[in-house]
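Listed next: structures, encoded as structure tokens.
In the two assemblies presented below, subunit A is common to both, partnered first by subunit B and then by subunit C.
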Partner chain A sequence: MNTTLNATTEQLHLGAMGKKFTGVGVTLAVIGVGGTLALASSAGAETFWRAYLFAVSAAFAICLGGLFFTILQHIVRAGWSVTVRRTAEGLAANLKWMWILLVPMIVLVWGGNGHLLYEWADTDLVAHDYLLQKKAAYLNPTFWCIRMIAYGAIWAVLAKFFVGHSIAQDADGNVSRSSAMQMLAPIGIVLYALTQTFAAIDWIMSLQPTWFSTMFGVYYFAVSCTGCFATMIILLAVLKNGGKLGNAVNTEHFHDLGKMLFAFGVVFWAYIGFSQYMLIWYANIPVETGWFFPRQMGEYFYVSWILIIGHFMLPFVVLVSRWPKRFPGVIAAIATWMVLMFLVDVYWLVMPVVPTDALINSETNDALVAAVEAGEVSIGWNPHLIQLTAIAGVLGLVLAGWAFALRRCSLVPVRDPRLPEALAFENL
Partner chain B sequence: MSTAPTPNDTLWGLAAVFDTPAKIMHAAKATRERGFRWFDCHTPFPVHGLDFAMGVSYTILPILVFFGGLTGTCLAIFLQTFTNSFELDIWALVPVVGYQFEVSGKPLISTPAFVPVAFELTVLLSALTTVFGMFVLNKLPCLYHPVLKSTQLKRITDDRFVLVIEAGDPEFVMEDATDFLRSLDPESIVELEA
Partner chain C sequence: MTTLPVDNPMNVDESPDTRAPLIIGHESFDTVTAEICRVNEAKKPPRAWYIAMAMSVSLLGLLGCMVGYLIFTGVGVWGNNNPVMWGFPIVNFVFWVGIGHAGTLISAILFLFRQKWRTSINRFAEAMTIFAVICAGLFPGIHIGRVWLAYWLFPIPNQMDMWPQFRSPLLWDVFAVSTYFTVSLLFWYVGLIPDLATLRDRATSKIKAFSYGLFSLGWRGSMRHWHRYERAYLLLAALATPLVLSVHSVVSFDFAVSQLPGWHTTIFPPYFVAGAIFSGFAMVLTLAIPARELWGLKNFITLRHLENMAKIVLLTGSMVGYAYGMEFFIAWYSGELYESFAFVNRAFGQYAWAYWIMVSCNVITPQIFWFKACRRNIWVLFVASLFVNIGMWFERFVITVTSLAQDFLPSSWGWYEPTWVDFVTFLGSFGLFMTLFLLFIRYLPVLAIAEIKAIMPAADPHAHDHDEEAHE
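Take a look at the complex of A and B:
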């Protein structure tokens, strides 16, 4: 049983590899952001803002997952995860600047052009819609912008606190920092849960303002767990492949991260997604079922099935057994697939549009499906290059931000009091 | 004439008592390399890597659990489909018809409604397979065991680590086994009665 860290200083720092990460990230970001801006005028404002929301929701999901993982380890005083925690902290550290991504949306909604993205921000529509008037106490541009500022601030503060103390501990080895983080972690997780839930409601659920689901916040949480754990596995596998980390991260840690991906990213995701679907399907109330109509018609029908099979069934069968999780190459390949599915899932959440008028006017479901397939009714199926450039740009920023956050500090919390526990960790 | 102790009907095995996990790890490895197969280690807490040192192969329990769970899923789908919608009046002597109740206008075979039951039965049968599979694979319940009978080995539940070689092992010869165990530098060697 080895409880001493056996890695050189070079192995514990990004060094030259950091430049590669930053290089890839910045290149992606420049191409992505540049492409998005270049395509913006030809794509039209509505397409642009949907693509922007898609990219922002995905990027925040990954980084919020990193914050959740970091806080959770302090709450449960976990030993095994100490050596992989810094990778999650690097993702969480992005939240210190990611409020900038919310600024364009705040400017849009505050400036009175919110109707390009959100129906509830359309004053003419609200004037004729009783339900939207009743919801205006919550869904109005001013309050929405205030909430966005609050989320950005709370996430930045949480990330600064947990990442800052952890990195500072590398230098001074002060155990009281661990105690302080453990003391405040429960408050942190409550703040995280509330802000993440309401952010999901404000960003994505309010795209269809008359629709509501009490499970939506948890669903977005499951989405963010998928994104975060899959990203962590890929980053660690790349670091390990580049000769970094020494004995700090080994098969056992990949095995456990694989379990987290399996539990949260596959099973929990399916559990929440299905629970949400089944309650709505069973009750069969028009105001609730509307959200699922565009998702089981036209092209989105196939996207939904891709998610059921590719995001749940296949990964379930592959990840349920022990051995795929114990080979970094295999688990990294599965994680790459899961990142892809995660992006499809966010796309599936953000893009479809409920054809409200057609839903009211159609005699039967078949007639509606026929109208959708004939192209007479739009359900928001609009694949556009701008969506690809937007997601590439934002993920490039996240990668570059991760490498920037870890540019000087150690890749492992080298003086965490529980480090020996993590090094000696074995799955029975 | 002969005075050397020989394996007899009452001897079940030889136990060597150690006082650290490191010693029993070494002892387990040496015992396996010496060619013994019928031996076991008793420790007050799980010692990581001891299974590997003893050469114990990985359990087949997960495979049993997978098929237990699969049985649960299939059983649940069959149960619900059958009771909701089945009609068997072609070849059966007595016509068998399911409870064909329409509930809130849903089809008789409504997959979403079947999923929670399928999920629960999968979990139930997986859990039962895990528990009872463990019992069977460990040959439990075991109401009598020679190691538990010995009053000299009581500290295996507290702070001693015991390696037991069974007399039934094909390699077991009393003198050799005693010498071998003594070479491992144990605290004491105990003869166990069957």
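Take a look at the complex of A and C:
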């Protein structure tokens, strides 16, 4: 059992590799953001904003997952994860600037054009809709913008605290930093749980303002677990492949991250998704089934099946065995697949929407189906290049931000008091 | 890294660069064996055991009388009425099933999470699980009216070609609970085998040697035995893990698949699971605190174990609080008249007292565990655990009764009042639970001897190469 860190300074720093990461990230970001802006006028404002929301929801899911992982390790005083924690911290560090991504949406909603994205921000519609009026105390532009500012600020503060102390500990090796993080982690997780829940409601659930599900915050949490754990595995595999990290991250850590991906990103996700669907399907109350209606129609029908098979069944069968998790190449390939599925999932959450008018005014389900088939009612199926450029741009920013956050510090918390445990750790 | 001295009486203060020992006061394996086996090998149990046993058996007798009275008279002896068709029986069923969750969580999920402190509490938490599920199974069994036809709950091929309703979550419950019971029992038994062999080897009478020998299945402690044992244990842990989630999820479906306001809400499955773990850990605390005092197990169930459990109680209690809050928020957000009414009525209607007992016991009480002083005070822990048990019973009462008593049409509203038979039957179920539990403490190894040895520094093959990390 080896408890000493066998890695050169070069192996423990991004160095030249950081430039590559930044290069790829910035290139993606420039192409993505540039492409999105170029396509914006031809795609139309509504398509642009929906694509923007899709990209933002996905990027936040990954980085919030990183924040969750970091805080969780302090709460449970984990030993095994010390060497992989910095990777998650790099993702969480993005939250320090990602509030900027919320600014355009705040400007949009505050400026009175929120109806391009959200029906509840459409004053004409609200004036005629009893339900939307009842919800207006929560779903109104002012309060929505205040909430966005609050989320952005809380996440930035949490990220600054947990990432900052961890990186500072590399230099001073001060054990009291670990104690401080341990002490505040429970409060951090409470803040995280509440903000993440309401962010999911505000960004995504309120797209179809008549619909509601108490499970929705938990679902977005499961989504962010998938995105974050898969991203962490890919980043670590790339680092490892580039000769970084020495003995700090080994088969055992990939194995354990694979278990996390399996448990939270595959099984827990499926459990939450199934429970939400099954209860709504079984009770069959129109106001609730309205959300699943477009997701079982037209092209989205196939997207739903892609999720069931590609996000649950296939990865379940593959990841349940021990060996795929123990080969960095194999687990990285699976993680890449899971990131793809994660993006499909966010797309599936954000894109399909039936206008409230159509939902309320259809006499029967069959009438609504007929109206959709006749093309009178849109279910939001609108694949457009701008969605690709938006997600590429934002993920490029996340990657560049990750590399920027880790540009000077070590890739492993080298003076974390529990580092020897992570090095000695074995899956027996 | 350095380790704390082994005789550190508190065993709770752990700075980030140390790991506190998991058990205290023992350097070698044989003192561990001796200290745990003392519970079973003592000539007489402590006087408190006799008093508790007398009370438990009396309550068990009362339960028998009540069940007999019920069978001879009919379900009318209960307070169940129209519209509250489900009264105490379902409330008690869910209460007991919930308690039955901690054992498997500790033995399976904490095992997979490598939480080694679990070894000091897993054995009796698992035992508690099994006894709680037995108590739970009793209530639907006697609620069906004609108890002699209870086997109709199972889809048994028959010449009348009559089948249970496969679309009913009540039938899924039959499958979920019986699977859970079977796997928990197997898990418990597999874990017991090496320890039963220990008791067999130490037995002083032929009867003891024979009976422990019979159930230890010829265990000799050979390498091959251990190898198979560990594999079986890991596989059972992996099988039991989804069951921890599935059982209470299915129990929550009993309510949530309906269209009834207050029952039909999508967060029910994880919310019920969190609540179950919450109540289960509270019951483990309620039982562990007196047990460690009476049988001198404080070296094994240290203050740190109790503190860890308090933290889990705080976590799951807050999750339950999150669910209450989310239900309330969404009931308002939905804009649905009946949804909002159901929740406002819970808080301010005719059953408001039950609702506020629930909130104060389940959400407010655990918040004291934010403070170290409360987590480390035995009396506070014990009283809080009782409050949580009470609160979780009331949670099921609130969910079941308020939603049924007042739903859509005011003309069909009603008022539910349990009868004395309801109360005494519920009280009697504690007799069943405690009788089984006390017998377990007396005759079976109350802590997992072999597993505790495995987490001692002496069991670490590298302990001598790297002394500083003996407590990995």
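Note that in this section the second predicted complex is superposed on the first by the 408 of 428 C-alpha atoms of A that agree within 3 Å, B and C clash if a C-alpha of one lies under 4 Å from a C-alpha of the other, contacts with A are read in each partner's own complex, and residues count from 1 in each chain.
One rule holds in what follows: a contact is a pair of C-beta atoms (placed from the backbone, for glycine too) under 8 Å apart; a residue touches a chain by one contact, two chains touch by 3 or more.
Remember, it's a predicted structure, so these values are computed and weren't measured experimentally.
Placing subunit B and subunit C on a common subunit A by superposition gives a clash between them.
Once the two complexes are laid over each other on the shared chain, residue contacts for A:Y282 go to subunit B and to subunit C alike.
In the overlay built on the shared chain, the residue A:R322 is in contact with subunit B alone; subunit C does not reach it. Using the contact criterion defined above for the overlaid structures, shared-chain residue A:D170 touches neither subunit B nor subunit C, since it reaches no partner. In the superposition on chain A, A:T214 contacts subunit C only, with no contact to subunit B. In the superposition on chain A, A:E46 makes contact with neither subunit B nor subunit C. Which of subunit B and subunit C touches more residues of subunit A is settled by the count: it is C. Legend: residue contacts after superposition of the two complexes on their common chain; A:E299 is shown touching neither subunit B nor subunit C. Comparing 75-83, 381-389 or 453-461 from subunit C against subunit B in the aligned model shows that the clashing stretch is 453-461.
In the superposition on the C-alpha atoms of chain A, the part of subunit A touched by subunit B in one complex and by subunit C in the other spans residues 1, 278, 282, 424. Residues 1, 3, 77, 79-80, 130-131, 134-135, 138, 175, 178-179, 182, 186, 190, 193, 197, 201, 210, 212-218, 267, 271-272, 275-276, 278-280, 282-283, 285, 287, 417-418, 420-421, 424-425 of subunit A touch subunit C in their complex. The part of subunit A that touches subunit B in the complex is made up of residues 1, 274, 277-278, 281-282, 284, 320-322, 424, 426, 428. Of all residues in subunit C, those touching subunit A in their complex are 1, 14-17, 114, 242, 245, 249, 253, 256-259, 264-270, 318, 322-323, 326-327, 330, 333-336, 370, 462, 465-466, 468-469, 472. Every residue of subunit B that touches subunit A in the complex is listed here, in rising order: 46, 48-49, 62, 66, 104-105, 112-113, 115-116.
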